[in-house]
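Structures follow.
What follows is chain A paired twice: with chain B in the first complex and chain C in the second.
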Partner chain A sequence: MDNRLFINLKPGPTFLDRLTGKTKVRLFFVLILLLIATWDIRLIAPLFVLSIIGLVSIRPNPKKMTVTLVIILIMNLFNLLLMFLVEPDYGRGVVGGSNVIFRFTDFYIVTKETMWYFLVRLMKFMATFIFSLTFIQCITPSEMAAGLYSVKVPYKVCTIVSLAFRYIPDITRDFNNIRISMQARGLELDAKRVGIGTRLKQYVLILAPLVISSFDRVGMIANAMDLRGFGKLKKRTYYAEHEDVKGDRILAPIILLLLALFLVIVVCLIFFPPAFQVWCPWIK
Partner chain B sequence: MMAEPIITFTDFSFRYKSQTEDTLRHIDLTIYKGEKVLILGPSGSGKSTLGNCINGLIPFSYEGEIKGSCIVAGLETRKASLFKLSSHVGTVQQDSDAQFIGLSVGEDIAFSLENNAVPRPEMLELVDRAAEIVDMSDHLAHVPYDLSGGQKQKVALGGVLHNDVQILLFDEPLAALDPTMGMTAVDLIDRIHREQDKTVIIIEHRLEDVLYRHVDRIILIDEGRIALDTTPDELLRSDVLKEMGIREPLYISALKNAGVDLSGVSSLEDVEHMDIEPLRDRIVSHFYENEPDLEKHVASGEVLVEVKDVSFDYGSSYHLNDMNFTIRKGEKISIIGKNGAGKSTMAKLLCGIIRPKKGEITFRGQNCIEMSIKEIGNHIGYVMQNPNQMIAKNIIRDEVELAMKLNGRSKEETDKNVEEALRMCDLYSMRNWPVSVLSYGQKKRVTIASILCLKPDILIVDEPTAGQDYRHYTEIMGFLEELNRDYGITILFITHDMHLAIEYTDRSIVFSEGNILADDYVFRVLSDSDIIKRANLKQTSLVTLADKTGLDPEKFIQAFIQEERRSRANG
Partner chain C sequence: MSEKKSVGSLILGKWNTKTIVGIAIGAALFAVLMNYGGIKIFTNTSLTTAMIVDVIVGALFGPLPAALTAFLGNFLADLIGGWGFWFDWSIGNAVLGFFVGLIPVYARKFDEGVFGVKEIIIYAITVIVGNIVAFGAVTPLLTYLFYSQELTITWGQATAALIGNASVQLVLGIPLLLFLASRNKKSSNLAKED
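Moving on to the complex of A and B:
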């Protein structure tokens, strides 16, 4: 089924796959927090390398992965290009200098600092993205629910997450059935025959029955959950949350260290704000 | 012996908050520990409401007014809570797909344990034990999308077996299953009842399928009251079933047609073990009085569709191999086979939604590959199983004219055809009603009308009777029969309901694993135990009865069909 493309329902065999949901979620959160907090390449570059190692380690489908990564890279580069077009001397404000390397016109100049900023930004964004991709690829929805629960997210919210994943393929199937019956009645969805405007309008015809049949389903799901005691206690345990493996025990102190590092960074940023947002080796 | 009551209703009435009349009225009922009880009744009789009163959905999820008392496992339900009750009553609902909450078999079985915060090591043990009981131990890691309906139901049952659940409640457990899966489910319920020492309550209207295994008692509900509380044998002897609009087991109908005196017959509920000796003469002589004319009715109408050497596959799964058959004008054909045999794939091929990988389908001699889905749709209409998945508009008339608008027909033609379709489906007086107020059966008629307005030559109807009781079933099938008789519309039923095939079609095409196993008269197909076995279908009880009596099953079924149709035609 195509819609299972990025959802992993069975844990894989690699080191990251075998961790508990708790460790996966905590590790992911702390790494993302670090990436959000810092603009320092001395931290971003190692994280970037780490993200690539992580992604490769779960042995993803190389073709799909390359396509996704290339698309994201292009989007990021496009974003940088737009930034450049609006403000070529961006580096002056955030890095603190303007050493011109090349001059197209008086306005469009290429400076060392802007390029430095773009490099840091690209690495930071790509690392964030690759961490997310790795996380999604190596965690099952149930582990995610268990993991979120372990960081004190209320379990009703966690369950919504895993339920959503559970029923997406069912809804896709309903959608296809409805589309088929509409097509047989003369609904034209062929891009060659009708324009995009008409097609969008026609998709509304499919959505109406989809929403109604989904509501029916929601009622049944709610009953099934009530009847098996969902919401009875304040706490909950998880079948999918297995006992700690070696990896979990190794990573637990590392996660704590990273969290401490994050707190230090935040404290420093608050009490000793740097003159410029982005650290740069040649700007003092 | 069965002294200890486990469920006691005393002068119990219930009214839903949104309704003005009581759905259950003055129910007095006691169910004893260890009993296996079938609660039988037509749709809307209140039988599911009764079930919901036992498991606590009433009054805790569906609000309403309760009068009288209902005590379940020592608890007065309205003073207890849903959670308290759920630790005594395990419920398996009808939609095996929607109630599968976990993302794997193990997780779904564990769901109630998770909610009770059972520590994981203990949970694993309990899950293993439950999975073993329902025979799913080898599938613990399977995801729901890879399971059949029957397997999902087993999981649902496994999920409520934990702890000290004493009562197992099955709410229409057979609704979504094909006949073989249904048999397996009934068998499993029976085994668990015997081995696990539970009280079992089954709510169903498919009597014959449930009676595949013994039940202690049948409680018949009608219009919110207990109409009958008796043993299966007594119930089968009486004429109550037909009056209530519940389908009698076919062999019972056949016995009654023969005018057999059932009062002295023991084990009437079990056609296999019933004592046939005293009845044989009566059955045989009745058969010879009504011996079917062997002159076979051969379909001779114009050839509409020819399927020639058609093969299809979706990459790996669901393949069809070299299929060949012909559909003639005015025929009533049933395509039968278990779930996944390729029936729906064939329907999609006929409608042009998917195209053959090999071979060709022609309509009136023209190769369908040259026609668009829309063009084919003007000749071959497709009615889906679930009307809620078809209806896109709020008002009946808008829904019926949708296909005309999508096909860009003129206003005059639209108005004319829509009016005709509405009248054919007996919906004309309701044409301005909103769809939401209609019953399931009426919605089904709306979907049929919305296809009929295009004046198709062929109507493909997918599981026309799924999830409906016998009364609605008869209504819809009678209506389709009229369309066939009065308007000459060819009808193709896709179904796994053997009764439907027997009662309403002349010809059956049997699908199995993407091949056609048989394409012949219904009575011949259904009396061929080899085909039935290979297609994984359920042998009809008529064949068993014929075998026991020593009559030729094929002719026996044919005679039965003729007699039933004659009596239906006479009202």
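Moving on to the complex of A and C:
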């Protein structure tokens, strides 16, 4: 888990890496909005394929990437299992049918529709995650700020996002260091050996030094920024933002098209709501 | 230290560089704790210690910074967590952050280390009201609007989140606030001569 996050400070050499922050941020947000809006596998499946192509194209470390993806896949499957345990006939409400395949008890039934829903949901979330992973792999904190600024986010907020993004790996490392040293002193964090109450109390022992060390940084960073004249003017430019390359010019109209598609989907959902949330080939 | 601050300016907080960095570090801490510092209790819901970050940022910088911290923190947690983006929950967390971050508004002398029984009671009320408004009303409403999802699971998650967050913020938050207050006290223990 320690290597789950690896934030770049220098853009890499591939096609996606070389785009401007503006294009990266816009493309990412429009894809995520699409994935949030739709439950239709006819759109999710191509996006899923696209996300994998995107991830492969930035040539990530294959071993790390496989481990990360497997962890997330297991987590998502576990979530689906929990959903199944809470409401086995979930598909009736969202897909609109309940063809039983297998029956454990009267309550725990496996239906075709629930399985279909789970498949769509899994694909949707994996695609979302792979896009996020590709995005954080190919963007640097400064490019992220520049990209957000290009969509008219106030630059102080852009700075907050890029700083937070920049400090996540540091804080994760601190968290792990504190946890390991606390465990070395005999703190038991294993879920099997201690109850929730004790574990929560033990998290406080990790939390206290983490909070103090994190917030101690604030004064230092703020002084460094003040010394460089941060916040004196109303506008700013970004050093990380460069001239459009060929890829930016190709992607600009595609982003507009995707945005239009998103708006069409939202308008359709509002004015002509489908009878059931999830489209399914064998219903109607 | 000027005593007369209007409620409006206390709610907005001071938007200097320190606040901006504070929000950023808070959001990063929130994201990390949401991913690692929690105990799972329900699908996509855990008894997470991230909730304590709102309280700290609120106490140091005010309600609006706390709300922004929670919103961005949740967004970044979604970005690295792999469970999809849930803006309804981010906004719910922002509302909660606003409520628990009201500390400087009622505990005017928090900077000087005053945090007594009265303040603790008000804090407890804001935590409970904030959680009910955020996860009992705002999040389910937005879930319905954004995802038009069946609300059964959301209600379950919301109830779990409500109870979990409120208890984390009460059980861990009050000692933490007392600790922060006592730290402030130490830095201002010079007596004023008449």
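Keep in mind that, in the parts below, the second predicted complex is superposed on the first by the 214 of 284 C-alpha atoms of A that agree within 3 Å, B and C clash if a C-alpha of one lies under 4 Å from a C-alpha of the other, contacts with A are read in each partner's own complex, and residues count from 1 in each chain.
As a working rule, a contact is a pair of C-beta atoms (placed from the backbone, for glycine too) under 8 Å apart; a residue touches a chain by one contact, two chains touch by 3 or more.
These numbers come from a predicted model, not from an experiment.
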item: Which superposed partner A:226 touches (first chain B, second chain C, both, neither); value: both
item: Which superposed partner A:217 touches (first chain B, second chain C, both, neither); value: both
item: Chain B versus chain C as contact partner of A:50, first or second or both or neither; value: neither
item: Partner chain in contact with A:65 - chain B first, chain C second, else both or neither; value: neither
item: First (chain B), second (chain C), both or neither touched by A:163; value: both
item: Partner chain in contact with A:235 - chain B first, chain C second, else both or neither; value: first
item: Which superposed partner A:172 touches (first chain B, second chain C, both, neither); value: second
item: Which superposed partner A:245 touches (first chain B, second chain C, both, neither); value: neither
item: Touching partner for A:206 - first (chain B), second (chain C), both, neither; value: both
item: Chain A positions touched by chain B in one structure and by chain C in the second; value: 1, 4, 163, 165, 170, 206, 210, 217, 221-222, 225-226, 230-231
item: Partner chain A, residues of chain B touching it in the complex; value: 55-57, 60-61, 82-83, 86-87, 91, 93, 95, 97-104, 106-107, 110-120, 123-124, 127, 141, 143-145, 159-160, 348, 351-353, 372-374, 376-378, 380-382, 384, 386, 388-393, 402-403, 406-407, 450-451, 454
item: Of all residues in chain C, those that touch chain A in their complex; value: 15-18, 20-25, 27-29, 31-33, 36-37, 39, 42-44, 47, 49, 52-53, 56, 60, 68, 72-73, 76, 78-80, 82-85, 87, 146-150, 152-153, 156, 168, 171-172, 176
item: Parts of chain A lying in touch with chain C, wherever the complex brings them together; value: 1, 4-5, 32, 35-36, 71-72, 75-76, 79, 82-83, 86-87, 90, 93-94, 124-125, 128-129, 132-133, 135-136, 156-157, 159-161, 163-165, 167-168, 170-172, 175-176, 191, 196, 199-200, 203-204, 206-207, 210-211, 214-215, 217-219, 221-222, 225-226, 230-231, 269, 273, 277
item: Contact set on chain A toward chain B in their complex; value: 1, 4, 9-10, 140-142, 162-163, 165-166, 169-170, 174, 177-178, 180-188, 190, 205-206, 208-210, 212-213, 216-217, 220-233, 235-243
